[in-house]
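Here come two complexes built around chain A, the first alongside chain B, the second alongside chain C.
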Partner chain A sequence: MSIILNRKKISEAVTGYLFISPWLIIFTIFSVVSLVYAFYLSFTSYNLLKPPQLWGLEGYQRVFDDDLFLVKALPNTFKYVIIVVPIQTLLSLILAFAMDQKLRLQRFFRTLFYLPSVTSSVVISLIFIWIFAPQGIFNQITGLTINWLDNPRTAFYVIMGMNIFTTSGTLMLIFLAGLQDVSTSIYEAAQIDGANPIQTFVYITIPMLRPVIFFVVTVGIIGCFQVFDQIYVMTAGGPLDSTTTVTYLIYKWAFRDTTIKMGQASALAVILTFIILSITLIQRSIIEGSGSSAES
Partner chain B sequence: MKKIEKVLSMLIIVAFVLAACSTPTPEKIVERVVEEKTKVVKETQIVEVPGKAIEPTIVRLSGWASSPSETALLESLLYKFSVENPNILVKYEPITGDYKQVLLTSIVSATEPDIYYVDIFWWLELATNDVLFPLDDLMASTGTKHDEFIPSLIEAFTYDGKTYGIAKDFNTLGMFYNKDLFDKASLEYPTDDWTWDDLKAAAATLTNTSDANKPVYGFCTPPDPGRFPAFVFQNGGMVMTEDYSDTTLDSEAAVGAAEFYTSFRAEGSGVLPSDLGEGWQGTLFGKEQCAMVYEGGWLIPYLREQFPGTQYGVVMPPAGPAGEGNLIFTVAWGISANTKNAEAAWKVVNFLTNEASQRTVLESGFALPTRKSLQNSDYLTNNPNSAAIFNGSFNGAKPFFWGAVGSDVNDQMGKALERVFKEKQAVADAMKQAAEAIRKAMQ
Partner chain C sequence: MSISTAQSRDAEWTARAGKIRRILFYAILIFWGLLSIAPLYFTLVFSLKPVADTYTPPIWWPTPFTLNNYETILKTFHLFPRWIWNSVTISVSVSILRVLFCAMAGYAFARINFPFKNFIFNLLLVSMMMPGVVTLIPSFLIIGPGLIRGGIPLGNLTIPTGFNLIDTPAGVILPGVADAFGVFMMTQFYKSFPRELEEAAMMDGSGRWGTFLRIVLPISQTQLLTLGLLTFQGAWNNFMWPLLVLRTPEFFTLPIGLQWFRGEYYTLYSVVLAGSLFNTLPMLIIFFVFQRYFIRSIASTGSKEG
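Let's turn to the complex of A and B:
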């Protein structure tokens, strides 16, 4: 009896692994192996042309000695996260709440808000380059003469605005799904108690959405820490390093510099991973801590 | 009602998809020079020689493809080679996109081509890591002499007494001037004997900003590390010390050059391309908003293609207090140290850089030849604009190369100028800050 059961279990497991094998193989090769290798490289000096040589923590030391990292990339990245994440979360929550009401042309607006998210980020970047060009639409409408992407004081904000514009649609969709999970009976009860719409939103909708909010903020923070393609296309880290972020710096060290610093770049990648990991853990303890009675 | 919404949504989707498809590339990020097609060339073919059953030696060759017509030119030369050397089969594998990155990764995985382009800006990195094949013995085997080439171009690819590349072509900076704008300001055209004072005076006279929609400036001064060093040389300075172990950007000569370079914009007679919403000064020159620019020979086909009506001339950059100074931009053919067919590879390189091939390259109008003997060729006599850029290599020109931290030097030079232009930092402070950052990068 037990042998038959065991056999069944094994064959089930084999079938299961067979089904996920295409993904598993690709994931192993391109994620697990490269992750482990990058971790190894972070303890080496490697210029691509000579085999990597172990040099302990020297790479990490150099990262923390680097002015571009300390003065520009790290503060820029945090600034980016602190500005973009709250705005995109709030905006998408409001959009989702609005889309959840019985509005006219609802489908039309949903499509409209979601469109930037399905468009390639390179295409959107190009569109924004034209909008914010000196003779672009934005300056023509506002009558300003600022060269937005060439000015160290404005370039980063244009990129932030663009990212909020593109990600809000996806996040709105996630919130919308969360909203539709909230039972209508709770809203009806609130209505009977005489709660106005704002009270309902603050005291019912937001608490009920806590797990969704956690998810959206986490995804948002991770995404913001990894912002790269828009910067690569629009400003290449300039003007005057005002848009250099940690990921762009990794790219610059690993591929752009005359003398390739693959080890140092890998060290920075490892550091970034730990930054993201610790922030996510802190954030989880905050959100779960305040709502532990409802969750567990 | 629902139907209308659906139709509207569909329309928007279609509009976005169309917008995405028809995206033209903005000038801001693309500075590639478009070349005019001057030759229709057959594709490279494998030539079968009947009766000969010998396996041909296969040699792989890579470079970046800067334009279809330039690729066609190379293919036509390779075709000629295959006719003359049926026992060697050249496989041309152009690399599009990030050339250096693709090349480096192929070197890491030991799959690099036998022959490839090496840029003056980063070739030394390859040579010092023993990735390139020293060519001197191969040159001797075919009787090719070093002094048949322009000396500065051979020196540019020499390290530790060995030659690691044969320059395939080159460019220097010439001063392009717009004849119409000079006529309008009733100024005499510049000559090769001009000095900094002449440049300064002409720039002021040529500037006319009365039309706010199309202001005209005398001179363009982009914060570009590929232009500014010429002024440093003209002022008797250097960017790096002889052995590239230190930078001299904070020297008196370099600071003086930066002061002169940034003074044009401060005095209203100079402009940055980005001030007028352009990414490249070549476009401003074509639009007649800049009367004088320092550019290389690549501007000639660009103007022919994009602004065919422009009346312009080219002279050597005006001399500074310490005489002439110029930059050499060049790309060489290098042979991989791992190649199994070094002799066959050398035959190809030797063919591509021999006098007949170089003459073809010159006459196609794409690039300047690296052989001294072509200095007095008919083509250069008939094309004084190209001749000015060719002769620049004999007059105080130094290679566009700053050692192992070259990209940092370029970055810092550009940023120092940007800080002066955009943040009004004092010139001496900006150059000092740049020099210190470079020294830090060298540690």
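Let's turn to the complex of A and C:
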């Protein structure tokens, strides 16, 4: 009996491993080994020509001694996150709230709003380069003569604006799904109590949506800290390094500079990982904390 | 009497407020709707104007009208059709393989008992928290020259530590076919899925594989299509990874090709715009046809956290 059971168990285990093996092999190589190797690499000096040489924390030291990182990439990245995440969250929330008013043509608008999210990052960047060119459509419509992407004071804001524009559609859909989960009886009760739409929005919609807001902000933070495609295509980190972000700097050190610095770039990637992880954890504890105090 | 007039005045006020509110909401929707379509509209207009008119008004209508830019893409410049073809083959391969592998693994995590299942699943959860950029450099080394250049010597043999797939479509495809999120999504799906049908099939003597192929896959086709569409969109629009892997213009995907073309022939921006539509329009058509799957998948990502 027990032998039969055992045999059954073993065959079940074999089947299980056969089912997961194609995924497991590739996942192990590109996610697990890669992750471990990234940490190892961050303690080495590696230029692809000689094998990686362990040098302890020297790579991290060099990251923090690097002006491009300290003065440009790090502040730029934080600036980007601090500006883009709140605006795209609030904007998509307002759009979703407007969509949820049982207006006509809701499906039509929903499709329309999603259009910028269908477009690839490269294509939308190429279009924006052309729209914001000195003789481009934006200057033609507004009558301005600014060279938006060649000006260190404007280039980063064009990229920010573009990314807020492209992500809002997706985020709006997430909020809309969340809004439609909020039961209408709560809204009706609020209406009977004489709440106006703004009060309804602030006192009912936002608290009910807390988990969705957490999700959208988390996704936003993780995405914004890693912004790359648009920077690469539109400005390559310039003008005067005004749009160099941490992820762009990792790319630059590991793949673009004449002396390749894979170890130092890995150290920066590890630092960025810790920044992202700790900010999402802090944010989670804040949101969960405020949630429990509101409920008690 | 007086009470009823007060009531009707009240009702009138709320009706008026409701009307103003509706107008305000429509205004928001129309404004953002116009903004959303503007880049695409201008791209279309200027792709139908001569190259010399890239920055010349009128901006609202394609005059003078020409199809030259499309001719350049489809006939003169032979690389464009190749890029489109490369993009199609790579995106379709990634989608099919990822859906299959993730469905198999997700099903096993939800239904089959095997040793270290929880350990592997926890590993998956941890890797889902890691930002993609941290594995970028090692993944590049694995696809290319190897983690240890020249491999690990073992007696007469040397064990390679890299696939040597730089500048090949396989190098673009391979890391994309197995990730944590896809399996997590499928596992959650199969866990919430009734067992009865499968059990009936197993009773009838179908093995695990037979049941999986004949019962489980057909029944979960909505979920598979959702994951497949999401994957296709990601692969079709992907930039950073193919940028690192692909070197020869012949092998470029459309986004890499467009970016390269812009650098090489920057005076032909109208051609870039026309070419960009070949990247956007297929995705747009797929989105229109499968709209409810896209919306479902995006909506489900949000409620999962809650």
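Worth a mention:
The working rule: the second predicted complex is superposed on the first by the 267 of 296 C-alpha atoms of A that agree within 3 Å, B and C clash if a C-alpha of one lies under 4 Å from a C-alpha of the other, contacts with A are read in each partner's own complex, and residues count from 1 in each chain.
Note that in this section a contact is a pair of C-beta atoms (placed from the backbone, for glycine too) under 8 Å apart; a residue touches a chain by one contact, two chains touch by 3 or more.
All of these numbers come straight from a predicted model, not from anything done at the bench.
Of the two partner chains placed by superposition, chain B and chain C are both touched by A:255. Once the two complexes are laid over each other on the shared chain, residue contacts for A:147 go to chain B alone; chain C is not touched. By the touch criterion defined above, A:188 lies against neither chain B nor chain C after alignment on the C-alpha atoms of chain A. Contacts of A:169 after superposition on the shared chain: chain C is touched, whereas chain B is not.
Once the two complexes are overlaid on the shared chain, A:215 sits against chain C while remaining clear of chain B. In the superposed pair of complexes, A:115 makes contact with chain B and with chain C alike.
Shared-chain residue A:24: touches chain C; no touch with chain B. Touch counts on chain A: comparing chain C and chain B, the chain ahead is C. Of the residues of chain A, those at positions 48, 105, 111-112, 115, 119-120, 123, 126-127, 129-130, 133, 135, 233, 255 touch chain B in one of the two structures and chain C in the other. Contacts from chain A toward chain B in the complex involve residues 47-50, 67, 104-108, 111-112, 115, 119-120, 123, 126-127, 129-130, 133-135, 147, 149-152, 233, 239-241, 255-260. Interface residues of chain B facing chain A in the complex, by the touch rule stated above, are 1-2, 5-6, 8-9, 12-13, 16, 19-20, 23, 25-26, 28-29, 98, 101, 104-105, 107-108, 121-122, 125-126, 129, 131, 274-277, 404-408, 415, 418-419, 422-423, 437, 440.
Across the interface of their complex, chain C is touched by residues 9, 12-17, 19-20, 22-27, 29-35, 37-38, 41, 48, 51, 94-95, 98-99, 101, 103, 105, 109-116, 118-124, 126-131, 133, 135-137, 140-141, 165, 168-170, 173-178, 181, 196-197, 211-212, 214-216, 218, 222, 225-226, 228-229, 232-233, 247, 250-251, 254-255, 262, 265-266, 269-270, 272-273, 276-277, 280 of chain A.
In the complex of the two chains, the chain C residues touching chain A come out as 17, 21-22, 25-26, 28-29, 32-33, 35-37, 39-40, 42-43, 46, 54-55, 57, 59, 100-102, 104-105, 107-109, 112-115, 117, 120, 123-124, 127, 129-142, 145, 147-149, 174-175, 177-180, 183, 208-209, 212, 233, 236-237, 239-240, 243-244, 255-256, 258-259, 262, 269, 272-273, 276, 279-280, 283-284, 287-288, 291, 294-295, 298-306.
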